[in-house]
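These are the structures, in structure tokens.
The same chain A turns up in both complexes below, where it pairs with chain B and then with chain C.
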Partner chain A sequence: MIQLVRFLKYALRSFCPILLSAILLSLWGCLAIYNASVNFPNPEDYSTKQITWLIGGVLVALIISKIHIKRFFELIPWLYGFGIFTLIAVIFWGQPVNHMRGWFHTDYFSIQPSEFCKPFFCLFICWYYRYLVDEETVEFKRYLKLGLASLPVLVLLAMQPDFGTLFIFTLCFAAVYWTHGGKTKYLGWTAAGLLPVLIYVLYRYPYVYRRLIGFWSPEEHAHGAGFHLLQLERTIASGGFWGRSFGKGLWSQGYLPLTHNDSIFASFCEALGFVGGFLLIVIFAGALLLAFRKCQKMSNDLYGYSLFALVFCLSIQAFIHISVNVQILPPTGITLPFISYGGSSLLSSFIIVGLCKSIIASEKKDLELLDGDESSEVKPLEEDVDLGESSSSEH
Partner chain B sequence: MTKGEAQLKRFRIITTIAILWATVLAVRLFYFSIINRETSLDKMESEGVERRTLRAMRGRILSADGQVLVESIRKSSLILSHRVQSHQLSGFLSILAKEMGFKRRDIMIKVGRTKDNKDIILKESMSLEDVKKFSQVFGVNPILFIKMSFERKVLTKKYKSKIGQVRKVDGQFVGVSGFEEKYDASLKGQDLIYEAMVDKRGKLIPETFSEIQKLISGKDVFLTEKEWP
Partner chain C sequence: MLRTAYQTRIVFLGIFLATGFILLVGRLRVVQIERHHELNKKAKAKYTSRVKSVGIRGNIYDGTRIPSPNLLASSKVAYNLLAEPGKMGSRREEVIQKLSRLLAETDKKTLERRFYSGSQEVVVQNNVDPILVSRIQQMKLPGLRYVESSVRFYPKDSLLCHVLGYTTHEGSGASGVERVYDKNLQPQEGYLLYERSRRAHKVTNLDEQKPLDGKDIHLTVLEPIQSIVEDELDRLMKEVKPKACYAIMANPKTGAIMALAQRPHFNPNDRNTMKPQNYNPRFLVDVYDPGSTMKAISLAGVLEHNKNIGLGTPVYCENGMWYYGGRPLRDAGHNYKNLRFWEVIQKSSNIGTAKLALTIKRRQYDVLRKFGFGERTGINLGVESKGILWPEKYWSKLSYTRLPIGQGISVTPLQMVQAYGALANKGRMMQLHLVDKIYDPILDKSKYTHPIVKNMEVISPEAAAEMVEALKTVTKKGGTATQAAVPGYEVAGKTGTAQKVIPAVKDANGKVIQKAYYSDTVHVSSFIGFVPADDPEFVLYVVCDEPPYKFRYGGKCAAPYFKRISEQTLSFLNVQPTIKDKVSRK
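== the complex of A and B ==
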């Protein structure tokens, strides 16, 4: 009995607010997936698989959170290198789905390596920038080296081609560089230099161009490129203010394409209405705000930057997904973290949660160690005082 | 301004942009969910709702002593929807050949002969066993499905001309001669007309069902001894 109580206490301590929020959000996601797939041949199949991935994700997050973040920084060049290797492998041996070659398929599940690269990419650029700050004094060289180190991942993503994920990685790179104090003009020049590449992409991949056209005038392309966007609008409208409740989604089950992954926000809004959708936006914006406040207080710069970069990556992914669903951006194929169906996406999100927890715990441990060192330095004085008191009492 | 302060300012700028972005998303969501809702719902109704008819079963004609002279028989035909896509077709063909003994070549000929936008009748008058097997293999499938219809069958060879004939007008039997014509009003009943939302696969969404005209089956007609000696 005592052991059980101890275990429960340990479990409660382990499930800190960040992890608990992520679990609750994912369970909410499982309900949304069930709602979206209720008319599929095996309605429970998707939500059951997602719950399995959720259990795996929580375990991974717990393991990661117990490891000091310094260990990850020691290993980060290797982890990043392994990420690049998987991205190369997927181009040769991956299976093409929806115009892109980004998945490894097995009989039981599929893996998307680019999802797993996200957390390690964020950690790597934070770590490498700090490394360069110590090594290089010229800002331009620093920018160039950071850019060259990030380039393999970005190029490999473009080769798949997974432009949605590429967009997130690029934003993360820009945010990390800029918040570290990088020069805005270098980012501006890079953006200008990428314009011809963007034009080439539109020419090389006609489906990207069609998506833009469909986004620009969905009503005119109601039976083509604009179909998906119109269905997103109608699905959200169908939910109204309070929603139709889970399992009763009319438009999400009847018309909405990719209702359980790329369009999950609209499907979610049909079930829980404006209230549910608004709450989800608040959660992701709140997470970024909390990360900002937390990183302000951190004594170790690298920890602070890394925490911000990781949460930024999750929140920005959520914002892009929601923006597509409310027709602010053209379809990108990006999933909503914790909510959308997809084992790789969920596991990657939980790796980020684990890393965030590890950063916070490591900062605390480091501070305790520092306090311990300081107190050990003054200890002899305290002992003297004690001795003095005891001697005086003897007297 | 020290470097630390400058970086903090940039953190603040990024966070502020993110919060502003979130606000725009919330406003846009409010627009779709509340302000523009009625317009969207109207469009949804005009695009998604379909009016369908379910035929009433035509009544029997019986002699005065209760002998059935004419009856309607349910006929189950296997239909392949014109919405079928090439990748679906190959899947259906292999299952039909394996589970139901269909010949791929025969089906392909039928598909080839059918005009665009017309459903393809793969097999007429399926047996009850075939229907059961089909339901086990395919379940409810909007692309490959069984369509019910009625066939008028005269069970007596005597005075066939007296009984008369029926003709299909808009999918419904109409008596054109004999007793079929005389008692047409009683025999034909009333079709069920309903409106419902149909999904992108052509499958009916049950929650949206609304009845426009009730189903009344055709009444049986007993002939008098004078009419049918």
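== the complex of A and C ==
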């Protein structure tokens, strides 16, 4: 009996606000998925599968949160390497969906390796940059090495080709490098250098070009590339202020393509109206701002960088997804974390949540350890790092 | 330095993303709140579907009550066969070949033209029989679609065709009862309003109205009697060969039409037989000078208004030629000297009638009006003519001698039947009607047409009875229509042989070249009567339009068929013979 109470206490403590809110958000997402898939051949399938993944995700997050983040940093080159391996494997052995080799399919579920790469990619570039800071003194070399290290993932994504995820990875890379104090001009030059590549992509994959054109004038391409955009607009408009309530979203059920994943925000807005959409945006923006504040207060830089990178990865996905859904960006095929249907995406999001929790817990533990010894002098090492960084940036 | 950059850049990114999110909210607000109505209206037009569902048009039955009414017009299921040539691929030629072989109404050339017209969907044939459709379905041809429809069907083919009328291809009434009672027969359209998805699935039902079947019309016409009448008219057409003929039978006591037939006729199931001369309802729109049949009416007025005149009153008939108003009046074929009142009727003397009618000179117009001439009978069967009866102020001196013998007045056959009905019904005129009841299958209620008295006393019962006595002599020895006599029954009737008016001929300037005149060769010959004379079961009017010259007398061309029809009808109605002792007036 006492053991049970103790276990419950332990369990409750394990569900810190971050994980709890992530779970609630995901459950809300399950409702949205059910709403979107009411008219599918077997409507319960989607939400049931999602809940199964959710349970798995929560367990994974709990396990990860109990592991000290240092262990991950020790293992990160291997994890990153494994990620690259899966990306190579999926190009050779994955089944193509919509001309895209991004999934492993089994009879019961499918796995998208690029989703699992996200958290480890973020952790890796943070860790590697930190490693380079210690090693290299020339900023340009540092940038080059960081770029070369992350290039395999980006190239492999372009080979799938999954430009949406590639875009997210690139943004994460840029954001991590930039916030770490990297030089803006290197990023600018790189972007300029990528321009011919972009043109080549537009030439090589005409559907990307058509999507851009469709985005520019959806009414003219109402039966082609503009169709999705028009349906998004109508779906959102259909919701009005209070929404049509779950299960009655006509437009999302009848017309909107990819209503349960790529367009989930629109279908969510139809069901819950402006009120629901607003609340969701506030939740994402609020979580983002809270997490950023937390980063700033971190005593350990690596922890701070990593937390920032992980949260940025999630929030930029949310931002792009919502932007696409309100027709500010052309369709990219990026899912909304926690809400969209998709096991890999959900699991990856919960891995990120677990990692964030682990970082915060590790930070606490480290501080407690330091408190035990001597609390006045916190981080002599980091001041060194500061100096090193500043000197390198002056070069 | 790193820490500051790290701090400021994170803050910068945070603010940047937060601003982005605020922009998203703004955009959401624009689409969801400001443009909600505009976009929703656009969307609504697309996703709301309205599907019509049609009930079944009402049936038309005859007036038989036992054992059950006979079906005269009904609707049966048919299919509109549509094709989408684009879905046929390489089998298009095969489809054309097979369909043109099966469908009698559609030939290969039309099909080829339609199939290669470039339209997405073309009509192959409308209203295809279900049996044929199942045969086409068995062939499993690609790109065909069947839409349920209904087609009007007349089980007795041409029987009663002029009364029933026909429907348009769309299924609404075009003439006859079908048109006049279209509102009753027409089913009430149902609909289903629903929100539909892109793949045309129903998402939610918004509104539904079940279709309501049309009401059934039960006519007063009795199918067996109608068949008798039509058979006899066919025989008449064959033996006498007039241009047209028609017969109207009505119950004088109720005003119910028992039979109404016309030749030439058409078959409403076969549109090829529908020519204007076939489907024009002459009994409604034909106006003609009725001739001698009018004498009974005007002389009944004499009996009513001149108390000095009775059946035995003698009239001097001027040896067959009488000048009045500067114009001669002849008695056709005979030179009578003295005739009694009833003999004037029996022999149909023009001079006698004119002279008798002159005794009530000022009441003649009233009498004719009271008998219903110059106004529509109100039978309610579509466009009906009034006939021509000029008001008295336009009458000339001659009119007082010509109208009583049925010249200078134009009537429709139905007016004549109505007037004789009043004579037969002891001076009481009943409203002619065709519809017995209208049955509403939804409420399971019938609305009956009750007999309406149109005029309580056109003439007094005594005068009517006297006139009936006089009319009985017409079919007896010495009368003009001995061939109309029905053995065992007393027939009251009157022949009519009217010269047709040849219309005036005008030249291009409207100047009259040839005045209108009474033709000596073209006649409208008729016989009207009721049987049994004292308690009539029906009034029957048989009219021949333009019979050959040798058949010009009504007694010759119409009377025999009156007899035949009456005989059969009386036996069908099971009427007891009235003459047990063969008493004649002489």
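The rule is short, and it goes like this: the second predicted complex is superposed on the first by the 373 of 395 C-alpha atoms of A that agree within 3 Å, B and C clash if a C-alpha of one lies under 4 Å from a C-alpha of the other, contacts with A are read in each partner's own complex, and residues count from 1 in each chain.
Here, a residue touches a chain if its C-beta (ideal position, glycine included) is under 8 Å from a C-beta of that chain, and two chains touch if they have at least 3 such contacts.
Source: prediction; values computed, not measured.
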Discussion item. In the superposed model built on chain A, check whether chain B and chain C fit or clash.
Written reply: clash
Worksheet item: Is A:60 in contact with chain B, with chain C, with both, or with neither (first, second, both, neither)?
Response: neither
Practice prompt. Report for A:273: first if it touches chain B alone, second if chain C alone, otherwise both or neither.
Written response: both
Practice prompt. Have a look at 111-119, 201-209 or 345-353 and say which bit of chain C overlaps chain B after the superposition.
Written response: 201-209
Worksheet item: Common interface residues of chain A with chain B and chain C?
Response: 39, 175, 178-181, 233-234, 236-241, 248, 250-251, 253-255, 269, 273-274, 277-278, 281, 284-285, 288-289, 292, 295-296, 308, 312, 315-316, 319, 322-323, 326-328
Response to the item:
In the complex, chain C touches chain A at residues 1-3, 5-7, 9-11, 13-14, 17-18, 20-25, 27-29, 31-33, 35-36, 38-40, 42-43, 47, 195-199, 201, 203-204
Response to the item:
Interface with chain C, chain A side, in the complex: residues 39, 175, 178-181, 233-234, 236-241, 248, 250-251, 253-255, 269, 273-274, 277-278, 281, 284-285, 288-289, 292, 295-296, 301, 304-305, 308, 312, 315-316, 319, 322-323, 326-328, 385-386, 389-390, 393
Fill in: Sites on chain B touched by chain A in the complex
3, 6-8, 10-12, 14-15, 18-19, 21-22, 24-26, 28-30, 32-34, 36-37, 40-41, 43-44, 48, 139, 197-200, 203, 205, 207-208
Response to the item:
Per the touch rule, the chain A residues reaching chain B in their complex are 39, 41, 175, 178-181, 233-234, 236-241, 248, 250-251, 253-255, 269, 273-274, 277-278, 281-282, 284-285, 288-289, 292, 295-296, 308, 312, 315-316, 319, 322-323, 326-328
